[in-house]
Amino acid sequence: MDDLKRPTLDSDFTCDMAFNKITKWAQKNSLWLLAYGTGCGAIELSPTMTSRYDWSRLGIRGSATPRQADLLLITGYLSTKTLKRVIRSYEQMQDPKYVIGFGSCTINGGMYYDSYNTIKQLDLYIPVDVYINGCMPRPEAVLSGLAYLKDKIGDKKADGWIKYKQNFEWYRENQKKILKSFNGDNMPDKYNW
Amino acid sequence: MGFSKLTETKVLLKQYFKDIISIEEGGEQRLIIDLQSKDITSMINHLKDFMDFKHLSMISCVDWPEENKFEIVYILTSYSKNIVLMLKTKIDRKNPKLQSIMSLWPQAVTYEIELNEMFGVFFEGNDRMGEEFILEDWDDIPPMRRDFDSLEYANKNFKFRDERKDKKIIREFISEHYDEWRKK
Amino acid sequence: MSTDSMYRLLVTIAVILGSIIYGFFINSLARRITARVQNRMGPPLKQPFIDVIKLYSKRTFVTHGIMQTLGPILMLTGIISTLILIPYGKGYLTLYSSNGDLITILYIMTFGQLAMALAVGQAGNPYGTIGVARGLTRMFGYELPLILALISLIALNHSADVNVIIANQHGGIANWNAFRHPFVGITALLAMLGMMSYQPFDNASAPAEVASGPITEFGGKFMAIMMTTNAMFVVAKLALLVDLFFGGASNIFILALKIFLLYLYPLFVGLVFPRFAMEDTFLFFWKWPTLIGFIGLAIAIF
Amino acid sequence: MKTTKLYLGPQHPGITGNMMIELDVEGNKILKSKTHVGYLHRGFEKLMERRTYIQSFPIVCRICVPEPDVNENNYARAVEKLSGLEVPERAKWIRTMVLEMARLQSYLLWMGGQSGSMGLYTMPQWTIGDRDYLLDRFEELTGGRVYHLYVWPGGVRKDLPIGFKTRMLDLMDYLESRMKDYTKLMFENAIFKKRAIGTGVIPKDKALEWGVVGPVLRGTGIKHDVRIDEPYEIYDKLEFEVPTYEGGDIYSRALVRKFEFMQSISIIRQIMDKIPEGPIYNRIPNPFKWKIPKGYTYVKLESSRGEFGYFMASDGSEKLRRVNVRGPAYVHGISLLEKILPGSRLGDVSTILNSLGVCPPEMER
C-alpha cells in the first residue's frame, strides 16, 4: 500500500471553487446506492432501507444501474467471479463515486480466510472509503457507516475515485493477479468509464 | 410402520439385485446400499420405475485418497414409502468415470456438472461436461479433492492484511484446559 | 418589443422556473406521503432539489453518440413548448395559449417522448430500448381514451381553445366538466392514471423488470436534465387537466392547490396496486375507458 | 422477429441475490433461459473439511442467509445422528420454535420480495418492518439478529429468557392481526391476482419428476411435507395442517405460504403452551478432540422453501470427511427455472424467481 500515490487534491477536486460548497453539500446529502448485493450482507440492507430504519431519511436511495449510482456497497465477501463484475460496475459509475466495504470479510477475509475463492482484502482491487466491520453489521452500524461517509465527503476526504485514477496501473496489476483471463471476456484494459 | 416398509424394501432389493455388496439400515427410514459402479444405472432405473423412488435428493461425492477411490452417493427418496436410499459406489480415482443419469431426472445434470467441476468425475452421456458452472478461470486441481489445500492456495494467490501485533493463538490453550474448566 | 409582449415573456420565464420548483416540491411531498403510508419518515422536503444539484455536479459525461446528448435537450424543448401553450390563469398567465389549441398541445406533448426514444436508441442499452417500447405502448394505450374525452369536450364547447373551455366552466363546482359530463370526466381520469407513470402503469421504468428502463444508460447531467424535464412535465400535464376538467383557476395559488390535489389521486392508486403486465396495460385502456369515452362522445354529439 | 440476448444480473434489481439469468427474448416472450451461478461460491464444504465439528458451526449458518437456523438445525442433527448424542426434550421444543420463527421471518421476507417484484412497494415496507420484531425476539433469545449460532449438537445454547413467552405470544397476536392487512393489500389485490394466476405454471404430473419441493410442490396440489413424512424434533406432537392448492401457478404458491404462515403462528402458540421444563443441552466431550464414529447420514427438514438436506460422511477423525448441502434453490433456481421460464413474459421473470424462493447462496455454497 505504501507505493500508492496520495491523491493530488488541487488538480481535480477543487476546480469549481465557487460552487464547491453547494455541490459538496448536495453530494453529501444525496447518495444513490447501486443495487448490487454482492454477498450475504444484502440481507441487512432490506431492514435498513425499509420502515424501521429507513435510510431515505438520510437522502439515501437505491438506484438500478451503475450509471446513476454514487455509492457502491460491497456487502460482504467477494468471490473472484463477482470481483470481475464489481470492477466493471465500479468503472461504469460516474465521478465522484464512493465505495463502502461492508462486513469483516472485506477487511481481511473474515471467516473465509482460508477459502480458495474469496478475496481477502478489498482495497487492493478497488479503493474503499469506509469500512463497516461486523459479521454482519447491524442496521445501526450501516447507518453510522453511511453517516461517517457523509462526513468524509463533506471534509473532502472521500477521494477514493481520484486515487483509483491516479494509481490506475497499480490497481489493474492487482486485479490481473487474481482474475486470470482478465482481457478475455469483455474486460477493457483501459479505464473507459 | 416405517420400519416394516424398510425391511420389506430391503428384502425386495436383495432379491432383485444379487450383486449388491452390502445393504444396511442407517437409522430410521434410511437404507445405505453399496453397489458396484457398473450396476448403478440399472439399479436407479429399476428403483425409479418400479419401486417408486421418484425424488432425486442429491448426487454427492466423497473422496477417499487413502484407497485411491471416489465414492459417488446417490440419495433417492420415495414419498409413498417414506424411505431415503443412499446408493454408494466406489470408482477409481485415477480415471473417474460413471454413467450419467440425466435421462431419468433433468435436474441431475447440474449435480453432475458440479461434481465434474469440483472433483473431476466424468459422467458419460452428459453433454455439458467440462462446462464452467461455479468456478471461473480455475487453473488448479479440482478444489473439493482432499489433496487440494485451500489455505495454501489462498496464501499463494491472495494477499492478507498484516496481522495485529497482539495476536495470540489460543486454540491449543483452550483445548488443553477444556475438561478442567467444564468440571467447575 | 412592446411592453405587453415583454411582460408576457417575463411571466413565461417565471412560470417555467416556477413549474420546475413546484414540480420538485410536489414530488417531495409525494415522497413524504408515500413514506407515511409505509410507516416511515421519508426523505426531507428538500431532497429532490439536492438530488438534482448532485446530478448536475457529477464529473463524468459519458455519451454514446450525438443523439444521446441531444435527446434530453430536445425533450426539454418539447416540454417547454408544451408548458407555454397551457393557460395558468387570467391575463398574462394565459401565456401563449391562444396560439395553439388543444390539438397542438396534444401533438407537442408527445414530442418529448419521441426525443427520448431517439436518445435511448443511440445509447444502445437493451433495457433502455425495451423501456422505451413499453413507454410508447402505454402512450398508445392511454391516448385513445384521452383523445375521446378531448373530442367530446371540443364537441360540447364547439371550440378547441383551452381558454374558451375554461370560460365555459365558470360558475361553481357543478359546472366543471368533470362533473357536468361525468362520462367524459371518468374517461379522462382513467387516462390520466396512464399519463402519470405511477403503479399500476409504471412498466416503462419497472426496476425489477427492466432496471431503470429508458434512463438506464443516462447518468449524471443527462439524468439531471431528465429529472428537471419530468418535474415540468408533471405540472404541465396536471395544469392542462385542471384547465379542461376542473374549472381552471382564477389565480396561481388555486391552480397550485388543484394540481396538488389532482396529483394525490394517481399517487394513492399507485400505493396500493402492483403494476400491470405490459399486455394488460394496453388492454385496460382500450377496454373500459375507451367504452366509457365512446358513451361520453355519443352523449356529447347527440 | 429478431431474437435478443438479455443478461439479467448479476447486477439487476429484479434478481434475488447475486446470480445471472441469460435470456433469449423475442419481443416480450422468453424463448430460452439459462441460469449462471457461482458468484457467491465460498467453498463451504471444503472449509468445513478443514475444521473440527464445533469449529464449522459458525460458518454453517452462513450457507443460506434468509434462513440460517435451518442450516444450524440440520448440521446439529447430522452430527447427533453420527455420534449418537441425545438431545433433551426441552431443547427439542425450543429448536422447533426457532425453526418456526425462521419460517415466519422468511415468509415475511418473501411477501416483501414477491410484491416488490410486481411493483407493490408498500408491502415490503410493511412486512420487512414487521419482520424486524421477529428479529428482536431472535436477538433476545440468541444474541444475534441474522446469524444466531443457537442450535448446538446436543441441544441449544441458552434457555428462554424471563418473560420471553409473553412477548412472543404478543408478537404472534400482532402478526395475526397484520395478516389481515397483508391479505387485503396483497393476496386479494385484483392486479396481484391478475398477474399471479396462470403465471409460472408447473404441471402437476411433472412436478415430482422435476424435483420440486416445499410450498411450490404443494402449490401444484401434491401433499408432501418433511414435517409429516418424516417428523423430526417434536413435530409429531403438534397439531398442524399442511395446505395444498391446485393450479401450480404463482397465486397458489402464495396461498400455500399464506396458510402456512398462519399455521406457524399456531404452532408457536402450541409450543409456548406445552413446552416442558428440563435441561436444555447434553454436554459434548472436548470439542477439539471430539472424534465421531465412521458413518454416513442424510438429514433433512422442511424449510420455508422446501426440503433442505445435509449429507454427511465421517471417517472417524476430529474433522468431517465430506458434507454436501442440498438446498431447495439448487433445483428450483437452475433446472426448474430453465424449464418454466421459456414461454413466459419478460416482465414475469422476477416474479417467478421470487415465487420459487430462489436463494443463490445455497446453490453454490
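Order of writing sets the labels: A, B, C and D. Residues in every chain begin at 1.
We adopt the following convention: a residue touches a chain if its C-beta (ideal position, glycine included) is under 8 Å from a C-beta of that chain, and two chains touch if they have at least 3 such contacts.
Please read these numbers as outputs of a predicted model, since none were measured by experiment.
**Student:** If you tally the C-beta contacts for B-D and for C-D, which one comes out higher?
**Tutor:** Result of the comparison of B-D and C-D: B-D.
**Student:** Could you give the separation in Å between the centres of subunit B and subunit D, each centre being the mean of its C-alpha atoms?
**Tutor:** Using C-alpha averages as centres, the distance is 22 Å.
**Student:** State, to the nearest whole Å, the distance from the C-alpha centre of subunit C to the C-alpha centre of subunit D.
**Tutor:** 44
**Student:** With chain centres taken as the means of their Cα atoms, state the distance from subunit A to subunit C in Å.
**Tutor:** That pair's centroid distance is 37 Å.
**Student:** Where the CA atoms of subunit B average out and where those of subunit C average out, how many Å apart are those spots?
**Tutor:** 61
**Student:** Pull out every residue in subunit D that's touching 2 or more other chains.
**Tutor:** 12-13, 38, 41, 43, 46-47, 50, 125-126, 129
**Student:** Two-or-more-chain contact residues of subunit C, please, as numbers and ranges.
**Tutor:** In subunit C, residues 38-40, 207, 211 touch at least two other chains, as defined above.
**Student:** For subunit A, which residues are shared contacts with two or more other chains?
**Tutor:** Expected reply: 35, 50-52, 64, 66, 81, 114-117.
**Student:** Using the definition of touching given at the top, classify the network of chains in this structure as line, ring, star, complete or other.
**Tutor:** other
**Student:** What does subunit A use to touch subunit D in their complex?
**Tutor:** 34-40, 42-44, 46-47, 50-52, 62, 64, 66, 77, 79, 81-82, 85, 89, 111-112, 114-118, 135-136, 138
**Student:** Over in the complex, which subunit C residues touch subunit D? Could you list them?
**Tutor:** Going through subunit C, the ones touching subunit D are 37-40, 126-127, 130, 199-200, 202-203, 206-211, 271-280.
**Student:** In the complex of these two chains, what residues of subunit A are touching subunit C?
**Tutor:** Residues in contact with subunit C: 12, 19, 22-23, 25-27, 29-30, 32, 35, 50-52, 54, 56-57, 59, 61, 63-70, 93-96, 193.
**Student:** Sort out for me which residues of subunit D touch subunit C in the complex.
**Tutor:** On the subunit D side, the touching residues are 4, 6, 12-14, 28, 115-122, 125-126, 129, 185, 189, 191-192, 194-195, 345-351.
**Student:** Can you list the subunit D residues touching subunit A in their complex?
**Tutor:** 10-13, 17-18, 38-43, 46-47, 50, 58-59, 62, 65-66, 109, 112, 124-126, 128-129, 131-132, 135, 145-147, 361
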